[in-house]
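Okay, so chain A shows up in both of these, paired with chain B first and chain C after.
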Partner chain A sequence: MRGLPGLIHHPGNRREELAMLSDILVYGLMNGAVYAMLAIGFSLIFGAARIINLAHTAFFMLAAYAIFYFGSELAINPFIAIPLSIILVVLVGVVVYYVFMEPIREHETAVLIVTVAVALVFQELILIIFGGHYRGVSSIVAGYISPYGIRISYQYLLTLGVVSLSLFIVWLILMKTRLGIAIRSSAQDREIANLMGMNVAKIAAATMAISVGLAAVAGVMVAPLYTLEPHMWLNPLVLVLAIVILGGLGSIKGSFIGALILAFIEVTVVFLIPGGAFLKVAIALAIMLTILIIRPEGLFGVYMEGER
Partner chain B sequence: MKSKLFPFLVLLMILFLIGGIVGCTPTDGEDVVPPEEEEEEGVEFDGEIKIAVTGPMTNIQGEMMWWGALMAADEINAAGGVAVGDEMYSVRLIQVETDEIMDPLGAVSAVENVIVSEDPDFLIGGFRTEAVTPYTDLIARDYNKIFIICGAATNELLHGRVDVDYDAWKYLFRVTPIRSTDLVTVTILMLNDVAMAVREELGIAAPKVAILAEALEWNEALVQMAPQIFPTLGLEFVGTFRPSATASDVTTELRGIEATGAHIIYTIMSGPVGIPFGKQWGELEIPACPVGINVEAQKSGYYPATDGFGDYDCTLNTFAQNAAITEHTIPFISKFVDLYGQLPNYNADTYSAVYILKEAVERAGTIDTDSVIAELEVTDYTGAAGRVVFDEAHDVIWGPGYVTAVGIQWQDGELVAAWPLEWKPDAQNAPDLVIGYEGVVPYQIPPHVLEQWRE
Partner chain C sequence: MAVIRMAFRYVRNEIFVLPTRVIAVLFVILLILLPLLTQDMYILRILAIAAIFSIYAASWDLLSGFVGQVSFGHALFFGVAAYTTALLNLRLGLSPVITIPLGAFAAVLVGLLVGIPCLRLKGPYLGLATLAFPIMLMGIIFVFPGFFGGELGISGITRLASSRLTEYYIAVVCMLVLCFIMWKITDSKIGIIFHAIREDEIAVRASGINTIKYKLLAFCLSGFFAGLAGGLYTHFLRIAGPSMLAVLMSFQAIIWAIFGGIVTIYGAVVGVFILYPTLEILRATAEYRMLIFALIVLLVLRVMPQGITTFTRDKLERECPRCKVRNTVTRKNCRVCSSDMR
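So, the complex of A and B:
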């Protein structure tokens, strides 16, 4: 592969090996948390409404641009700008659901295509409004800590905290509220749920709001860590698809574990093959394919979704 | 619920979008003015010379190409136009959005479309090698039109083409930047200066160098050559890290570099990865001095985009606002900043390309392609970046007395030239030959690097 000098890194001694291992653990966990946030939102709406929302990461992009606009352009306090951005993006998500998805929800392929169109419309709107320039957003908390020599920015830690909290709240909603019971029952069998008197359309809309909300939280939190540009939704979409397929379509637990697996693979590639760091996504996807050959339904998926 | 909620939500969405348009676009000063709006009024011309500017126009590289060409065209038209024999022609620019960063194949269609529909006399621009390679093939071999490259650095765009099969490729020239192997030379000279600073100020005899290079075709030569050159400079090579050119997070790569114990990061990046690099390098206080090529760091917007953490990043460039490479440099930069609100990067030397075409046409007395090529080949034009003379492959010659490029560094939020300060290009044979432009300041080691290595 290109015959690059220094392509593969060989740790010199046991101390170096341990340092690399701790690096991989820390950075894998941090990246995995963000991936999990996106993947769980994607999985949720698929599980509850059988909607494969390929615009999911476009909402993530919208949220990142919203925090850029409110925080950097209008200089609004981040504690106002963050919730404002999330609420706006959730509202946009709900509108998109009612206008574009709900009328054709029974035609899953049509919904899939519509979501691609919606994502492209968002991309072009962002391009028209903000241009193709690469944008940066200030960290909410600048600086870093250095436990055991591993540098972790406060923004990353904050992101990890917010992601964990968000996932816990979603778990609470799903497991401890009437809405959660409705979402889960709808996910198990939409027709029976409908016959039992549940408004499955509204349940789907609520699930869409939660799903887009998770994408929006991820967007506003990682905006200070990433570079903003109108195509920034594409790479995460590939990863999200890989994660949910690996974890099992519609399985939230599978999405979480799939996210961690892919994140750890990516980080390991960078540390072990620094000269091939750009291959990290490709290698992660190759490993995903290998797992799927052994277990076609994914790690935690049912064999055929239609058989649920 | 639907009927009450819908109008409200739609209204909110529209307000949000309109707010974005109103709030962002004018303040950025980044509007691309269509050529139709720039036509001179009240000046009679006998004809027009159509120049197509091809580039990623929604990205800064394309904007710079467009603005540089626009500035030259406006000046030429205001001064009476181009003398073609006994007639005076105006310059009309045609903007070609190639979107070549995201869609290199689509760029070929965009270029062919403009050739077929507008039939431009000349073309200039071209940024991403992966797109420029196929569309220069189209321009030269299928349509026999002159194309002046103003963005892509790869040697093979000209060398091995023009000098090997002249009749097929004679239509291609390059004004900016210097070719990729010369880029290596300049960045190695800059690296040497940084290494000397590290030795003097940190007391490290053999500084360690890690390469951080985006995974793209244009920098392959640099990535291959650099590790072989490092030992000749007394430097120890510790590894190569190759993130994607569009990576939005390089924290892991930076941690890997830190783990190698590198004192210097030799950067080779033209894509957006330059921004997360600058931001995360500064925020995490990675104890290594970046030097090399980071195209994003050449732009005024780099400092705010990195939230100020990109301070002390050091990169090659064509211009610097404080370095008088020629008597034209400072006036060009000042006027460019006045007009467009941003410092020009190397793509903006489409300005020189338009003037070089003007002079060649005037010498030829015609816009006939072969006649203009013959005149372009004898170009000797002194512009803002230096003296432009083409070699046998139609490439701009690099070296003392020609175009040299400059090294620039962000110092306390200002972009200043830091190379060449006292460059001796031939210390053995011509010890008195010292190149240093007026206004160039010494390189500064980033304070956090100084602090950490002194500890």
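So, the complex of A and C:
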């Protein structure tokens, strides 16, 4: 993809400028919401179990392919197919956690490689089952609205709604329930949480379920908007890592704001700079690095000088 | 005569006493004598590439295993050296003897450039920030396809040597020498400081050691060795492409080193010499290749999370509780201080 033809900047053409501005807004908000879902999930599991889960976006891909299989191949009603896909992916996530991560959690580097290997397994399984072709999923809801001449499809609105709703639910869980308090306390200090009688392994598994669940919801919702292919986990992964670092590791608020910042930067670069498709990730990362050099703990991270 | 007797005694007392040392010596001898057994081009090629990647993986271990500055963007050094080497060779027509060290020098400069802003970062922040650099460089390479060759990369580079056998020996000897140097570095006073920085940086600083200097030194050293590997690889394959900067290239170094066992240097070599040929053998299974590869990594790490060399070493040898010298598990008394091993 070399830029987007027809969307190249032509100064003086007010109509096109407006269209582009609205496109930036819509795509930026959309990508921001998806990245926020992914980044918050990533942040949660890092906080609660100190696992850098590089397979996180692979679960996102798995969910997208699950909805492709159930919704498009088997033609199951979306209202059954969506929950089915999400539950399936969450189950896979928890099983992976219990079988491969929990027993070797002491060896942090090994866990890191295990997550890469898990992602590769998913990628290869999808490649074998579905092939390397680009796949599309039909929208759950068709049609679009056009306020002020801006075209917004219902799928975008639905996605935004679902993303906001699930983020709200996660916030409720984290802030108002016993599980949420346990997750937050084990994120602050695992050992002390354990001494207070919490089963940190179980908390980590629950966090893994929530984290993978968020990725799955994102995957299911954006499947109709993205092109599915077995390598689709790599690019979002890089961005999610950048977002999480930008916002501050383990900070939910930071992940959310970081996601919006990087999504808008990415979309703006694609629309405004010729050849931006090649540079979008590079520029997003350069901005992340700049912020990181000024604030080594990220925007909302807590930096503990003496943390061991 | 006396020299021979001394050498014999050294071999008997220092090498034959420990199974892992015997394995290491056998491995080196086998690598050097292999062309006597087979002159198969394909086998020599695989082993030469494995040797080059060993340098690369060991350089990751030097920076991330020893100093604890976990880098997710090690392909940066590899790729910068590869492109520098390729451009110098193609545009200026310099020979590999000059281009490879210059490429490594470029990687050292890049190591400094990356190291300075990263000094303030720690742990996962550092790792994920370093991930960004090769991706940014890749963006630049795609923007100037005329100079950097874009997606296809730069091809038409001089061969490392005229025959495959010579190339094999260059790769293997470079690997043995460079890995030995890296191992000696980690065994020296600098190496002890590297260890200490990983374990407790504040304590090291409190002991009056300039940790910034040593961390930058680690970045430069690691960049230098990774750069040499990158240059060798470029001249061996006769192409420098954007895949050398890809995220997967960075992860490969990490997979090899961790699979073999980190904080050892030799673990990285073992990791590459097991995993790289495995991946080549798995070509026979066509589309299941990467799947089987990933499953092997997954299962091996599940059983031996500390890495394959550390796991085997701990199974074959035990540390004497009194003098901290390693002994075979079968011994009842320590071979140096003869204290009870149980």
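Simple rule for what comes next: the second predicted complex is superposed on the first by the 275 of 308 C-alpha atoms of A that agree within 3 Å, B and C clash if a C-alpha of one lies under 4 Å from a C-alpha of the other, contacts with A are read in each partner's own complex, and residues count from 1 in each chain.
Throughout what follows, a residue touches a chain if its C-beta (ideal position, glycine included) is under 8 Å from a C-beta of that chain, and two chains touch if they have at least 3 such contacts.
Being a predicted model, the structure only gives us computed values, none of them experimental.
S.K.: Once the shared chain is lined up, is A:G143 touching chain B (first), chain C (second), both, or neither of them?
M.R.: It touches chain B, and chain C stays clear.
S.K.: Using the touch criterion from the header, give the chain among chain B and chain C with more contacted residues in chain A.
M.R.: B
S.K.: If we overlay the two complexes on their shared chain A, which of chain B and chain C does A:I113 touch? Say first, second, both or neither.
M.R.: After superposing on A, A:I113 lies in contact with chain C but is clear of chain B.
S.K.: With both complexes superposed on chain A, which partner does A:M288 reach: first (chain B), second (chain C), both or neither?
M.R.: Second partner only.
S.K.: Could you say whether A:L125 touches chain B, chain C, both of them, or neither, answering first, second, both or neither?
M.R.: Both partners.
S.K.: Check whether A:A75 is in contact with chain B, with chain C, with both or with neither, and answer first, second, both or neither.
M.R.: Neither partner.
S.K.: Mind working out whether A:F278 is in touch with chain B, chain C, both or neither, as first, second, both or neither?
M.R.: Both partners.
S.K.: Once the two structures are fitted together, what part of chain A is touched by chain B and by chain C alike?
M.R.: In chain A, positions 125, 127-128, 275, 278, 281 sit in both the chain B and chain C interfaces.
S.K.: So in the complex, the part of chain B that touches chain A is made up of which residues?
M.R.: Residues of chain B touching chain A: 2, 6, 9-10, 12-13, 16-17, 19-21, 23-25, 27-28, 30, 56, 58-60, 101-102, 211, 214-215, 220, 223-224, 227, 237-244, 246-249, 251-253, 255-256, 258-259, 272-273, 275-276, 279-280, 283-286, 296, 301, 304-307.
S.K.: Would you tell me which residues of chain C are touching chain A in their complex?
M.R.: Residues in contact with chain A: 70, 117, 120-122, 124-125, 127-129, 131-132, 135-136, 138-140, 142-143, 200, 202, 247, 251, 254-255, 258-259, 262, 287-288, 290-291, 293-295, 297-298, 301-302, 305-307.
S.K.: Which chain A residues qualify as touching chain B in the complex?
M.R.: 2-7, 9, 16, 19-20, 23, 27, 31, 65-66, 69, 73-74, 88, 91-92, 94-95, 98, 125, 127-139, 142-144, 150-151, 153, 155-156, 224-227, 229, 231-232, 235, 266-267, 270-271, 274-278, 281
S.K.: Residue numbers of chain A touching chain C in their complex, please.
M.R.: Within the complex, chain A contacts chain C at residues 46, 52, 99-100, 103-104, 106-107, 109-114, 116-118, 120-121, 123-125, 127-128, 234, 237-238, 241-242, 244-245, 249, 275, 278-279, 281-283, 285-286, 288-289, 292-293, 296-298, 305-306, 308.
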